[in-house]
Amino acid sequence: MITDSLVLSALLFVIGTLGVLIRRNAIIMFLCIELMLNAVNLTFVALSRLVGIDGQLFVFFVMTVAAAEAAVGLAIIISIFRHYETVDVQSFNLLKW
Amino acid sequence: MSALLDVIGYERWILHALVWLPLAGMGLVLWLPRERAKHVAFWWSAALFALSLGLWWAFEAAPGFQMASSHPWIPGWGVAYALGVDGISIFMVLLTTFTTPVAILGSFNYIEKREKAFYALMLLLETGVLGVFLSLDLFLFYVFFELTLVPMYFIVGVWGGERRIYAAVKFFLYTALGSLLMLVAILYLYFRAEEALGAGSFHYAELLRVPLTLQEQLWLFSAFALAFAVKVPVFPLHTWLPDAHVEAPTPGSVILASVLLKMGTYGFVRFLLPLFPAAAQHPPVVTLMLALGVVGILYAAWVAAVQPDAKKLVAYTSVAHMGFVVLGIFALTLNGLQGALLVMVSHGISTGALFLLLGMLYERRHTRLIEDFGGLAAVAPWLATAFVITALASIGLPGTSGFVGEFMALLGAFETHPWFAGVATLGVIFAAYYMLPMVQRMFFNRLHESANRGVPDVSRREIAMLAPMIALMIWIGVHPAPLMRRMEPSVESLVSHVERSLPAAPSAPAVGD
Amino acid sequence: MSFPLGTVVALEGASGAAEATGFEPFLPGLVVLLPLLGFLANGALALAAGRRSADAVRAGGEWHLPETERPLTHTWPSLIGPGVLLAAFAVTLVNFVRMWGAELHEPVVIPYWTWLVTGTLEVAVAIQLDQLSMVMMLVVTGVGSLIHVFSVGYMRDDPGYPRYFTYLNLFVFFMLVLVMGASFPVMFVGWEGVGLCSYLLIGFWFRDREKADAGKKAFIVNRIGDVGFLLAMFLLFTTFGTLDFVPILERAPETLVYGGALVSAVTLFLLLGAAGKSAQIPLYVWLPDAMAGPTPVSALIHAATMVTAGVYMVARSSVLFALAPAGSLAVAGIGALTALFAATIALTQYDIKKVLAYSTVSQLGYMFLGVGVGAYTAGIFHLMTHAFFKALLFLGSGAVIHSMHHALHRTGRHLDAQDMRNMGGLARRMPVTWTTMWVGTLAIAGIWPLAGFFSKDEIIWYAGAAAGGPHASWYALFWMIALAAAALTAFYMTRMMLMTFHGGNRTGEEEARHLHEAPLTMSVPLVLLAAFSVFGGWINVPAALHDGWVGLFGALPMGEGLHHWLEPVVAAASEVRAEHVGAFHETAPLGGGELAWATFSTLLAAAVVAGTAAVASRWRIAPAAEAGEPTGGLRGLLYRKWYVDELYDHIIVRPVVATSRFLWRVVDAGIVDGIVNATGSVSRAFGLVGSVVQTGVLSTYAFVLTVGVVVVLAVMAL
Amino acid sequence: MSDVLFYMFAALALGGAMGVVAGRNPVASLLSMVLSLGSTSVIFVLLEAHFLAAVQVIVYAGAIMVLFLFVIMLLNLGHDYRPDLRVTLWLIAPVAAAGALFGILSRGLRAAGAPAGTDSPVDAAVEEYGAIGAIARPLYTEWVVPFEITGILLLVAIVGALALAKKRV
């Protein structure tokens, strides 16, 4: 059960990474990142079965961080949208030398 | 005279005064309003020169360091603020204190913009250079060695000619890169000292006692040698010098030629020979250095002959002169070393004067190209006379300072390496080969350009600069004995130290075979 | 101050080892100091005059010497210049008389202050007085003063008058330092000093490009010779540990191996130095060009004094040359070869000064031949007599050129005042110059009673006599060459006289009226020199000839005078020679005694002179304008100086300049600087590679990040 | 019995995840994300982490996803949305990287896993303090400092979000 869920979380994590790499829409990329975070939570919970309660506790913190990050991330996306009129990641190439 | 000096306890504070007074001068110059800067700078450095003249009497001809003092600076690392002067460094100090006021006087109507900064940097440079020549602690030496880079970089970079940025950056990187290796070597020495002598120390005297195997010495020798070879400059590492000289303002060139180049050769004599005697006598090393010296003499002379730009020509002649110094040093004989020191002093004066003269010509015609001039002797006879005398001193005419140094260096080199000295003597011909055509194209021949017709002769200020230098050139040429007597004991102890520490290994030839 | 000003002022100096023999030098330092003071005084005047003429030039015009009242700067030098020389000559005479009285066996060395001092080397600024240096001092100051007096007239209306005397005095100072120096380095100071002064004086009219080039050429060629001198000094130092004459020449016989490699090397290097200074075969090219300088300069420097420095040096270190047969053979060989070679070139020259220049090179060849075969006194004797008649000839030609200038200047025609083809028929107009120059010509040709006969004949005789010793065949060859050159000398000198003074005048009717005799200041020295040329030879009539018709059956006063005088100086060398080579032979290679050959040579010379005179009168000589340069055949070759200058230009000058340009462009700017700049551009290139990854697109960054994570995990997992 | 449930919900979670990545428009992706979160919370329950399952549903699915939905609506990306997912050859590189990542992770995680059914220390704590007490007790004793810091973190996030998204005046 634990190993299966660990494999599941690895799969979810990989799908999340794939989403970030493939999609060009900022929101979707952001969603995929949330998915990756969720996968990590799954591993924490699964392993807390072995390690003890601390694992679950840590998920608690991860969630709060995810929430904070989502809030700020979306705020950034909004301010970028206001400037670029699009959320397509390709157009944010201000850093290009 | 020396009695008077003892009364005022001259020996105790002079070295500290020499190192820190220019810094105080810098503060004063920065503090005062703009138009007063140059006068203050000049009188301050001139006063310092007068003060340093006391060294001539206070220093008596004896081996070992005099007026030495050592105060702990960073006890944790064993770094001491140690100063001292001996036969080898005394004339470098006097040369520095003599050249700085002359260079400042030379820049009166040459430097128009940012005067305060310029004169402050010149005084900072003087502090750095004096620190290099006087410090007995390798850490302190390294600090001053690096310190001199900064003002020179700005002097060339800000007040220079068209390609000044390129020249300044090239100068800085070249020297800095070299000195980094030296830092590594100094640290290695420190830790070896810690191992061998218990307490790690940077002090020159202790480091002399550190036993090093030949292999170690070779590595350390090459690290130090690279740093100083760039500064000297020795043949393959010399290309920064012509650029730096061409782009530097006249006073910058004067200081660069007469003083900064000597830090390299001084480093060879002060650190390389005594600290790594076995490596310094290792036959491949000696042959390499002598070869580089001789190549430097002939190569630089040949390249100098075809330079269209007068300042570049004189820059290459400096490489040739320094070739003689390297030859003198690595002959490892008493005459050779004394010859090398004399060439350093006389080159400082004659090339410094040459750059001053070229600066005057630049001020008059705003060009450095030789063919723009012609027939100036008809219009500016006194300038022409001064130029010819300085040029003759530079190519080593007997009776001038140039000859005494070169003769002794060649003589010394001949004692141990006749073939190298033989080839180097050809350098004397090529000296005339590059100098006389320049003198002729600039001062003799027909006065064709109208611009040349209007060239004014030397002003009183310029005479005040040139007269002492020409007098020195002739005095050292005619009566070098007092200089040589003061140098001799230190050089004698250096040579015997190098020979004595020779392991009985058959590989190194007994000197003088 | 440790500078012992005291000793210099006292000028007495320690009188050295002279007490024993009673020779007590009289203010010897003054002889050297006087020209120096003259130099300083004239120098100040020259600087003042220079400043004034510079202001004139800067104002756009040209400063002309005012005809009426000459400025101070142009009157004082005529007093200081010659005055200083005459005073020096007087002091020298006093010393000479004192030395004549005393039986001086070793030189008197008077040190003034220590010049170079290290643990192993000690060189003092010291004067050495002995018979040899006394002879040279007499020649230098004597002939020098006459030439100074002549210059007053010759250079009168030259704007650079004070500057001229400054350089001339400086020259005499350095020449005296060379001659009176007590050690090789002090001699070297004089050696290069005279090189400097000849550079300044040849390029005196520096505004003219060729003249400045000639000066530069002289200095550089001299420097090539000086390298030889330096190397010889180094060798001597490493062997003897000192560079002073007295110790070296004393210890030479026992320390140096006879004919050994070391002594041969030293002598060959010294020969290279002497060849540079005395214009011998490889390094003679600068002397003909040195004629660009004012004529009195050519007389003083390039005839009487400087060029003889090489001979003096060989005579001074005669012991070394005696110990090195190879070295002496080389000296003799170079001398004989130069004598013949230069004589051939002189045959076809049209410029009067060029003829005399090549004649000087040839006569120097004789002196080298003399000292080469070991007859040092003969060499010095010829040096002395040559100084007299060659200075006379040069000053005579100066007088001719001077009056030609005046004439051409008056009518404004631009003709080469020195070209003999524009002269002719000057005998009537310049009788004094004409007679004195004939005396000089007969003397140099070697006609009996005159000085040239005695000195040149003695050298030829010793060359022949030496044919008996080792390298016999070589010396026999040199003997024949010397005889041939003597004949040629007689020919070209007579040709010169005839073209200049005899036949029809070719300058042009109008100018001819203005050709007149030189002023007194110029003709008096000529007469005096003529007198010396006549009686100069009698001070050293060879013993074998003394009671024959040559020596007027014993009437001539001082038989072998110079031999006895130079005896102590040459003693060491003759001992070595006697020990290793044996005495000179009695008969010449083809048999016959000294008297026979002496008679033959003077008759030969007389015949050639007479013959040329007869033949030359029928020559049709066209003025320079119409007559083109002789191009074809032997005449062309000789006129073009065997194309030696072009040869040197091609095999030395051009390659050196080409290599310099190559070294600069390719090696310095290309390779060395290239590497330095390359390090700069390499680091920029790495920067560029790095920047390719920064595409600015978010997903690329994410992708690189993922790849990074994968790699790290993989490495950790391994 | 719990294995079947586990596999069912695991499949659902994976389907949801794939839906997020392949979603034609943001809202579809969002909804499939919610699906995935829900099924994950069920798996939490299966792993005896009841409190977390609840928190997951409330905080994650409830709050954060709603926030996303709100932003999507705000930027009205919903309707005329051109799908930005184009299947090109360039996709191979990311897919390969993801595959490699999966390979490594699964290998590592599998090594860490242990056979199910062993009694874990979590159950003892739950008996003693109850599901919520088991988490609350360590939260307020050992981990109280991180707890406070996350509080501050949230505050900072709020201020940041406000500052960034505020319309420039």
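In order of appearance the chains are A, B, C and D, and numbering begins at 1 in each one.
Heads up, the rule we're going with is that a residue touches a chain if its C-beta (ideal position, glycine included) is under 8 Å from a C-beta of that chain, and two chains touch if they have at least 3 such contacts.
Note that the coordinates shown come from a computational prediction; the quantities given were computed from them, not determined experimentally.
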Exercise for the section: Enter the minimum step count from subunit A to subunit B; a value of 1 means the two chains touch. Expected result: 2
Handout entry: Centroid comparison with subunit A (C-alpha atoms), farthest chain
Key = C
Fill in the blank from the handout: Taking each chain's centre as the mean of its CA atoms, subunit C sits from subunit D at a distance in Å of 106
Fill in the blank from the handout: Per the C-alpha centroid definition, the whole-Å distance linking subunit A and subunit C comes out as 98
Completion exercise
Cα centre of subunit B to Cα centre of subunit C, whole Å, reads 38
Handout entry: Centre-to-centre distance between subunit D and subunit A (centres being mean Cα positions), rounded to whole Å
Key = 8
Completion exercise
Within subunit A, the set of residues that touch 2 or more other chains is 17, 21-22, 24
Practice task
Two or more other chains in contact with one residue: find those residues in subunit C.
Solution key: 699, 703, 706
Problem - In subunit B, residues with contacts to at least two other chains - result: none
Fill in the blank from the handout: All chain pairs satisfying the touch rule are A-C, A-D, B-C, C-D
Handout entry: Contacting residues of subunit D [partner subunit C, same complex]
Key = 93-94, 97-98, 100-101, 104-105, 107-108
Completion exercise
Touching subunit D in the complex, subunit A uses residues 1-19, 21-25, 27-28, 30-32, 34-35, 38, 41-43, 45-54, 56-57, 59-61, 63-72, 74-79, 81-82, 87-88
Handout entry: For the subunit A and subunit C complex, residues of the former touching the latter
Key = 17, 20-22, 24, 29, 89-90, 92-97
Practice task
State the interface residues of subunit C toward subunit B in the complex, per the touch definition above.
Solution key: 2-3, 47, 50-51, 53-54, 57-58, 60, 113-121, 125, 185, 188-189, 191-193, 196, 199, 203, 206-209, 212-213, 216, 219-220, 223-224, 226-227, 230-231, 233-235, 237-238, 656-657, 659-661, 663-664, 667-668, 672-673, 676
Exercise for the section: Would you mind writing out the residues of subunit C in touch with subunit D in their complex? Expected result: 699, 703, 706-707, 709-710, 713-714, 717
